[in-house]
Structure formats: structure tokens, C-alpha cells
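Quick one: the structure is below, and I'll ask about it shortly.
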Amino acid sequence: MAAVGSDQSLTLVVVDLVGIFVFAISGGLVAVRKDLDVLGVLVLAATTGLGGGFIRDVLIGATPPAALADWRYLLVPFGAGLLTFFYHPALGRMERLVDTFDALGLGLFVAAGAAKAIDYGLGPVPAALMGLATGVGGGAVRDVLAGRVPIILRRSTLYAVPAAAGAAVTSFGLQVGLSQTLVTIVGFVVCAGWRLLAMWRGWEAPVPRGSASV
Amino acid sequence: MAAVGSDQSLTLVVVDLVGIFVFAISGGLVAVRKDLDVLGVLVLAATTGLGGGFIRDVLIGATPPAALADWRYLLVPFGAGLLTFFYHPALGRMERLVDTFDALGLGLFVAAGAAKAIDYGLGPVPAALMGLATGVGGGAVRDVLAGRVPIILRRSTLYAVPAAAGAAVTSFGLQVGLSQTLVTIVGFVVCAGWRLLAMWRGWEAPVPRGSASV
Amino acid sequence: MAAVGSDQSLTLVVVDLVGIFVFAISGGLVAVRKDLDVLGVLVLAATTGLGGGFIRDVLIGATPPAALADWRYLLVPFGAGLLTFFYHPALGRMERLVDTFDALGLGLFVAAGAAKAIDYGLGPVPAALMGLATGVGGGAVRDVLAGRVPIILRRSTLYAVPAAAGAAVTSFGLQVGLSQTLVTIVGFVVCAGWRLLAMWRGWEAPVPRGSASV
């Protein structure tokens, strides 16, 4: 990521770690509800927190992923997993809070994911797709491992639409040469803000009309 | 793909795009039947159309995959997803037609997938396996995400056998130095033709004899 | 793997092939119980035997994976799959034996997986994680494809804990400069020995206390 100065780099790392932490908590809570043991909680926390970034890095050829090149990255999902293991009743009661943090994590991941893909030379459309994959990939792996249809595919309040929008804003902003800091913040605000509004107002995406043939 | 001249290249790209289109339609139809919203339809269409190629490219080290290096590739699965979203009742009634196109897409993918793996220096046996993965990988991801056992694993009319045969014919033909155009066409015909015959005649693969111990 | 001499290399290859064989049998048996056809048995045997190594190699950037660079590697999972297809009643009756071999395969995979990650320049913590992924990844892919929650996540006798311990012992031993042969053997013994003891004694991992909120 040669184009990123050291201050921006530090900001991106912090942003990344907060996103991993929040997503790992959500993975750990799913594991607790599925009645898994301590290793199951840790594994689901780690795959949820790291899965989206791993999918992006493998596809754009940025291997090994950052989280495998620096062991401190791994402390975060495992810390979040242990925290969930011991304090899940309290965390579970704070579901509203966890959902809010999930929206913030989603915003961080899609903006940072799209920016990294642009840094690796992808065009704006594929980079937006990689931002989306970064944001929703970890949750998809979590849900597949836990034996349920990924939340991104389930009919519910808007989740993927704000994620795609934030990723697209970041990608195209960087493509036309705007400042990385500015563009990443705007992409984050678009995604997280829209997602939070959708949660509060109960907005849903359009569904196919007419009955499905079988 | 240095060995491919520009005309052959163009042919392979067109073939690839048609395969992506057909597979994306099948992913979108599964999404509609699972009662997903518009983003779910688009995501399942894209993962079905692109998944097999992504698995192959990641395993042979051809990252980023072609579909991420050229944004026009992404228009095809998203166009197919939108088409399915709006016109699924008509598409669903044409199931026989969709299945026929799926057989053609399968033939295109296994032949093109095996040829690309050979170009990347793999031997004929691994290249045949990569051709098979290209052909059935997208459908497997689609089915896992939709919460069902992949069609390639389910007991039904022959699907994986023709795919493996087409991939093997392509790989070994290229290995012994036959013309790429000829070999790719023969691999396609073996796979798609056998699959279509299996559909029309109801051919099935052998199953294990004796009751499974539990 | 420049640091590995040719004798050690040969040992690692044999160890790897035995692990692939044992895991492929377990995948084939799941396929038989799920009532799949012959291709389903072969595909599930191959993905179970090769999946963990593929996940590791893709993440550390060692593409194409060894099993795709040398076709003889592919004979093993397919041979195991055919064996399971034809002799599954006998293999199923030997479940205790298969479980014992599975413990040995697990030990081989976590030790060899961690050693390969160290060879590719990863630090000891990420290398331990890669060893764990090598050991449990194939089984996780098998279970996801077969439509069940991965065994590593299910509450049962210890599986992932011995795997993580063996991977960590190998990683940290290599990191401090001990002999690769010695360290790999110790890592194998820690993992396989602990797993076998857990099976015989019925040891289980701690579970979350308190009821999960919903």
C-alpha cells in the first residue's frame, strides 16, 4: 500500500482492528447460541472477524493477508472470542449495541476493503465488489459454518445495499483522485449511516414480484 | 495465456461470458425460490456465475481473476441477476431451456477451465480437476449459500461425470499437443453432449451397494 | 521449502499422503451415509483429504498447492474414495479404527501445516493458526458440503484443542531454532496423543455458562 502515508496507515490499521473486534463478537454470540464449546466460540469469532479480509486478500493476490503477517492482528479476534465466551449474557442483552457496532464495523470494512483493492490496481467496479466482499464475507462464512443461510441473503432490513453503496462511493472517489482520507470517511458514513437508518426505520429491499415457479 | 492467439482469446472470452450468464441465471432462480430480496438475487447470481472461475484462479495463482481485472465481466452476472429479478416467472417456466443452457455453460466452463490450468503449467490430471472445479464450483457455492447440499453431490441424473470427462479430454488433448481450438471444442461437446443425453434419458451414476453403517 | 533436506522432504511427503488418505476415507464415509452417488463419494473424499492443505496454501501464497503440482498426490484421495465406495460396509464397521487413523492424520497435518507456514516466513502465531486450518479445514469443508455443522464447532470430545496445541508446539519449536524433524514429531505426538486420550476418556472442552440470550 505504497500510496498510504504512515499516519493514514495507522488510522486504517486501527479502523481495521475495531471492525475485526466487532465482527468477532457477533461470531462468538452466534456460537454461544448454537451451544458450541470454547473452541467453537473462538473459531467462529476468528472466522467472522477475519473472513471478509481473507477473501479479499486471496482474490486480489495480497497473500499472506495482513492478519497472518502480523500476530498482533490475531489477538483481537481471539480476545473478542474469549470475552464473548465469559460475558455472553451481558453482551447478548446489549444486542442493540452490538448491532450498532456491527453497522460501524461494516462501514469500516467496506471503505477499507475498497481502498485496498484500488491500491492493488483493480478498477473501481471490481474494487467496489471487493469492498462489499470484505464487509459481508466474514458474516457469510460465519452463517455457513453455523448452518444457516447468510444474513446478506435473507430478506430483512437493508444490509447489503448500504454496504454496496459505501464500497462504490469509496472506489469511485479514489478513482477520480480525491483524497484517500476524505473518501474513506465518506464511504464509511454512507454505509454505516444508511445501515443505521435502515435498522431504526425498518427499511427493506425490494423483493421479486409474482410467485416463484417450482 | 501466452499460447492463445488473439482470435482464440476472443472466442474464449465470449464463451466464458455466455457460461457466466447462464450460471448466473440459475443462481438468481434459486434466490427467487428461496424468497430472497433483490440484493440476495444479485449476490447469488454473481457467486454462481463467477464462483467456479474464482476457485480455479485462486488455486492456480492467477490472481486477480479475469472477472476482477476487467469490469465488463461483472456486467454479465449482474445483468443476469436483474433479468432474473424482473422476469423470473417467465424464466422459471423455461426451466427446460435453462437446464439446456446450463449444460452448455457447464461444457464451456470445464473446457475453458482445463485449458487455462494447462496454460498455467499444471499437469493434465490436476488441470482436469481444475476444469471440473470451474464447471461445478459456482453451483456448489450457490447451493451452500442457499443452505442445501450441492447438486454435484446429490444423487440425480449425471452431472459431474460428463463434467469430469470433458475436462479430462481437454487436458489430455492439450498435453499431447493437439490444437487448442480443436481440443476445447471436443471437450465442450463431450461434456455438454453427455450431460444433455443424461438429462433426456434419465441416466444416473452408480450408487454404493449395501446399507451404510451408522 | 528450501530449509528441508531431501530425506526430511521425503518423510514430509509420505506423512502428508497418509494424512490425505485417512481424511479422504472419512469424507467418503460421510458421503456414503448421505446416500450420494459415486461421484459424490469421490468429490467429498477429495475435498476432505485436500481441503485443509488448499486453504493453507492459498492463504500463505503457496499456489498452486503441492497436490496440484504433482498428479501422484491426486491418486491418493481418489483411491481412498473408490475404496470407500466399494468397501464402505467393512470400513464403517471399523469406525474405531478410522477414528484412530483420523487422530493420526490430524497430528500429521497440523505439524506439517505449521512447519510449511514457518518455511513461508509466517510468524509462530499465524503459523500455528495455519497448522490448525490444515488439520481441521478439510473436515470443515466436508461437513459444510454435506449440510451439517462442522465437527470442529460441535460440542463433543476434544478435537480442536489438541490440534491447536500440536500446531503451537511445532510453530514455537521451529521459531526458537530446534531441529525440524524433532519439532514435527513432538507436535504430531502432542496432537495425536491428546486427541486419542480425549477419545478414550471422553474428555470435552469447557462450554459457555449461563443461558444464551435470544
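Lettered A, B and C in written order, each chain numbered from 1.
Everything below uses one rule, namely that contacts are C-beta pairs under 8 Å (C-beta built on N, C-alpha and C of every residue); 3 or more make two chains touch, one makes a residue touch a chain.
The UniProt protein names, listed by chain, are A, B, C = Trimeric intracellular cation channel family protein.
Predicted, not measured: the structure shown is a model, and the values here were computed from it.
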Task: Numbering shared by both copies at the chain B-chain A contact, with half separating same from different - done: different
TODO: Report, in degrees rounded to the nearest 5, the angle of the rotation taking chain B onto chain C when the C-alpha atoms are fitted.
DONE: 120
Task: Where chain A and chain B are represented by their mean Cα positions, the distance between them in whole Å - done: 29
TODO: Specify, in ascending order, the residues of chain A that touch 2 or more different other chains.
DONE: 58, 144, 147
Open item on the list: Using the touch definition from the top, list the residues of chain B that touch chain C in their complex.
Closed with: 58-61, 120, 122-126, 129-130, 140, 144, 147-150, 152-155, 159-161, 164, 204-208, 210-214
- [ ] Mind listing the chain A positions that touch chain C in their complex?
- [x] 31-41, 43-44, 46, 54, 58, 63-65, 67-71, 74, 85, 88-89, 92-93, 95, 144-147
